[in-house]
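Structure first, then comments.
Each chain gets a letter, A, B and C, in the order it is written, and its residues are counted from 1.
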Amino acid sequence: MNVILTVENLKKHFEVPGGNLHAVDGISFSIKKGETFGVVGESGCGKSTLGRTIIHIHQPTSGRIYFENEDITFISGRQCRDLLRRMQFIFQDPYSSLNPRMTVIDIIMEPLLIDGMKKKDARQRASNLMEMVGLSKAFETSYPHELDGGRRQRIGIARALALEPKLIICDEPVSALDVSIQAQILNLLLELQEELKLTYIFITHDLSVVKHISDRVMVMYLGNMVELAETKELFRNPLHPYTKALLSAVPSINIDEKQKREILHGEIASPINPMPGCRFAARCKHVTEICKTDDPKLMEVKAGHFVACHNI
Amino acid sequence: MNKSNNKRKSHFRLFVQRFSRNKLAVFGLIFIVIIILAALLAPYIAPYGYDDQDVSRRLTKPNSEHWFGTDDLGRDVFSRMIYGARVSLSIGISTTTISMFTALIIGMISGYYGGKVDNIIMRIVDIFLAIPSILLSIAIAATLGGGIVSMLIAISLGAVPGVSRLIRAQVMAESHKEYIEAAKVTRASDLRIMFKYIFPNILSVFIVTFTMGVAGGILNASMLSFIGLGAQAPIPEWGAMLSGGRQYIRDYPYLVTYPGIMISITVFSINMFGDGLRDAFDPKLKGR
Amino acid sequence: MSGGILSVKNLSIEYRVEEGIVKAVNDVSFDVKFGETLGLVGETGAGKTTIALGIMGLLPIPPAVVTQGEVIFEGGNILLANEKHMRSIRGNKISMIFQDPMSALNPSVYVGDQISEVIMLHNNVSKAEARVMAEETLETVGISRNRYDEYPHKFSGGMKQRVIIAIALACNPSLLIADEPTTALDVTIQAQILELMEQLKEKKGTSNILITHDLGVIAQMCDRVAVIYAGEIVEMGTLTQIFKNTAHPYTKGLFNALPGSSSSDKRLKPIRGSMPDPMSLPEHCKFANRCSYKTNKCAQDIRLIDIGDNHLVRCVSPLYDGEVK
C-alpha cells in the first residue's frame, strides 16, 4: 500500500459565541508516501485547523482519519503520544513556537529526552540534527531570540525531525520569513524529504510557494474542498471559479503584461451556522439558482482532477 | 541577524544597569542588606541579649550605654531591635515561601487546565478574596490560639488567594502561546510543560511577587503581634515592641518610635527593591 | 534639483538604544516626481519604514535621531519643521497608510466620523459639509455611503483598509506614502485594494511612495523603484531598468529566490547568509559577505553610480542583463 494518510469527510466544528463554527466541513483526500500534498487557501478557509485536527491538537468532530492503515480518528492520550512519533508538525511563527527560556540544543533534545533517551545520546543526536538542518554548532547554547527568523525555523524543523517521523504537517513554514530566507528553508525541506523519505502536508496561502513545492494541491474555501489536482494541472487548467480568481489575483512580476485581475465582489459568507448551498455563491460570477440551495459535490472531472461546483 | 554570545552576558549587565538607575531601588537593596546582616550577626553586634533584664535601669532614655534606651523591663531596645530583625525576616521569608509555592500550585493548575477545574478553584478563591486579608489573618490566628506558629499559618494562608489569582493570570497567558502547543506536539507531559516551560517564563513575576510578599509578611506579622495574636513575650518582634510601648508613649516615646520606624523603613525598602526588580526585568512596562 | 513633489537628500537615521546604536538608514537620497509611484522594496529590517516615518516626522525621538539629511517638500526642509507645521502637512498634503488595518482605526468612533475628522482638521468647513465630503470619499473607495455610521469592527480587513485609504485621501494630498498596504490581506482582497489604488492614482494624480517586500506588487504598481538593503539604496531606476536590466547582485538575488523564477529546477537559488546586524554593519559594501560576485575591489567605500539613463547602482562591478559586465 502506497497510501500513508487517508482523510474521509473530516469535520471540525467549534462552539463560539455566535453559534457553531464549521472550520473544517467535510474534507476527503488520500496522500501517497513521499508525496508533498499542498493545501492552499486564504485566511479563514480552515487549512490550519485541518492540519491541527489531523495531528490531534484538536479532536475531530466527525469523519475518519487513517494513518498507515490505522484508524486514528478518536484516540486516547497514550495512543496520541505514540502517533506523534510517526507524525510531526512545523509551526508557522518561528518567533512564538520556541520556548524563549531554552537553548537551541535543549529545544531539540526535548522530544528525545521525553522519549526516554539518555541525556548523552540525546545531546549527540540533537547535535546531528542541527547539522542536518544547517545550524552551526556555535548556536547550540544560544537562545531563540538571539537568532533570526530563518535560523529559528531551522530549529523548529530539527525538533520535528527528532523522532524520525514519516509524515510532517508544515503549517505555513515560510510565511513569516523574508523572500531570500524563504528560499533557503524551502530548499532545506526538499533536501530533507529526499534524504529521509518524508511525506509532507504543506499548508500555505502563498500560491507561488505551493506551486513550487507540491506534487498535488488542494484548494480550500470556508471549510470546504473546492478543487484538487496535480500541481501542474491545477495551475495550467483551474476549473473552479474561486481557484481561477485566486490564481489571477497573485501580482505577477511580469512587467510586460498588464495583469488581468479577476476581482471578486460580494460578501464573504460566514462559517458560523452556514446555510446550505455553495459557500462561494455570493461572490461567484457564474452563480445559478442551484448554487444557492444545494451543496456542490466533489466530482472527478479528469483523471486526478476534482472540482466541487455545479457548473462545470 | 545573528547577535553573538556576548549578548547573553550583556543581558545581565543591562539588567544591573537598569536596576542601578533607580536610586530608590538601590537604597532599598542597601537597607535590605543591612537588615540581613543585622539578623545574621545579631549575637555579635548586639551589645546586650534580647532578654537581658535590668529592672534598676528600666525606662531610661537613649544614652551612650543604651543607644535606643531601655524598656519597662530594663531590656536594651537597640539589642531587641537587632534581634527583631531576625524575627521579622524569618517570618517574612518563611510565610512568603509557603504562600508563594501554595499559590503557584493552585494558580498553575487553574491557569493551565482552564475550564471546569479553573472555574471551581477560582470560585473558592473568590470566596476568600471577599474577606479582607487582614481580617482573614486575624480570624485564622485567633482560631488557632495565637502564638508564633498560628501567626505563621495565618499570614501564609492570608496571602494565598490573591497570589493564586495573579499566578493563574500569568499561567493562562503563557498557556495560550504557540510554544506550549509545540511542546504538546513533542509529547511533553502536562507536568513537564508546567515546570519546564511555563514556570521559567513567569519567573520574573514570581520573583517580584515574592519580594513584595516578604514585605507584606513582615507588615502582617507586626500587625498580628501588635494586637497580641502573634509573637508572645519575650520575643523581640517589632510589632510586639510597639504594642508593649504603647502605654508609655507620652513620657517615653522612643519605645514606640524606633520599632515603628524600623517597620516602616524595612517594608518601604523591600517594596522599592521589588519595584526596581520589576522595572529592570521588563523596561517596556514602565511606559517610556 | 530634479523637479519633484518630494526630495530626500542624504538622510541618515539612527536608533540609540541600551544595547548600542542601530544604524537604520544610511545616507539615502531619492526624488519622487509629480504623479509617479516610487516603490521602495527591501526585506524586513532594511529601513524602509524608518525612511517613511522620517519623512512624516513620526519617528520616536528619542531613541531615534536624524543624524543628517534634508527632506524637501514644497520648497522647504520639513525635517526642520516644528510639530505645528507638520500637523498641517500630515493627512493634508502628505498622507500615510500603515500595514496593519486591524489596529489603525479607532474602534469607538464611526468610520465616517474618522474621515470627517481629518477633513475638518485641515479645512474650514462645518460638520455637515465635512460629512458630505466624507460620504463622497467613502463612495470613491467603494464603500456605500450608508455605512458612514458604522463601527470599524463591522468591517472586514479589506474594507478597513479601504476606510484607511479614504481617510488618507480625504484632503487630496499631493503625496501618499503606503507602507505594506496589502501585506496583511488575503490575495483576493489584495487584488481589490491594488485595483482601487490604481484607479485613485489615475483619478486624482497623487504621487505615491509604495513600500513593500513583494516584487509582484512593485511590478504592477510602480513607475520607478529603489531597492533598499541595510539602510542604503543599492539600486534605483525605472521599472524596466530594475526588472529587465537588473544591475545589483542583491536585486538579482531577490528575483532568483522567488519560487517560480526557474521553472524546471526544483531547487531555488536563495541568497546565502542573512542581513547584517544594524548595530554592527560591515565596512564598505554591506552585501559583500553574501555576494556570489565578490572580489577584492569590494573592499572600498561604494557610492551610487549612474550606469546610464539615471539607473543608479551601488556596486563596483554591476551586473547587466544578468551577466557580469
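Points to keep in mind about this one:
FYI, contacts are C-beta pairs under 8 Å (C-beta built on N, C-alpha and C of every residue); 3 or more make two chains touch, one makes a residue touch a chain.
Quick caveat, the model's predicted, so the values are computed rather than measured.
Here the two chains linked by the largest count of contacting C-beta pairs are A-C. Relative to the C-alpha centre of subunit A, the farthest chain centre belongs to B.
Per-chain Cα centroids separate subunit A from subunit B by 50 Å. Computed centre separation for the pair subunit A/subunit C is 32 angstrom, with centres defined by C-alpha atoms. Subunit C has residues 274-275 in contact with two or more other chains. For subunit B, the set of residues that touch two or more other chains comprises 1-3, 7. For subunit A, the set of residues touching two or more other chains reads 148, 151.
Partner subunit A is touched in their complex by these residues of subunit B: 1-3, 5, 7-8, 177-179, 181-189, 192, 196-197, 200-201. Listed in rising order, the residues of subunit A touching subunit C in the complex are 42-43, 148-151, 178-184, 186-187, 190, 205-209, 211-213, 245-246, 248-255, 259, 261-264, 268.
Contact residues on subunit C toward subunit B in their complex (touch as defined above): 18-19, 45, 274-278. Those residues of subunit C that touch subunit A in the complex are listed here as 43-44, 156, 186-192, 194-195, 213-220, 239-240, 243-244, 253-255, 257-260, 266-272, 274-275. Of all the residues in subunit A, the ones that touch subunit B in their complex are 55, 57, 81, 84-85, 88-89, 91, 93, 96-102, 110-111, 114-115, 138, 141-143, 146-148, 151, 156, 159, 162.
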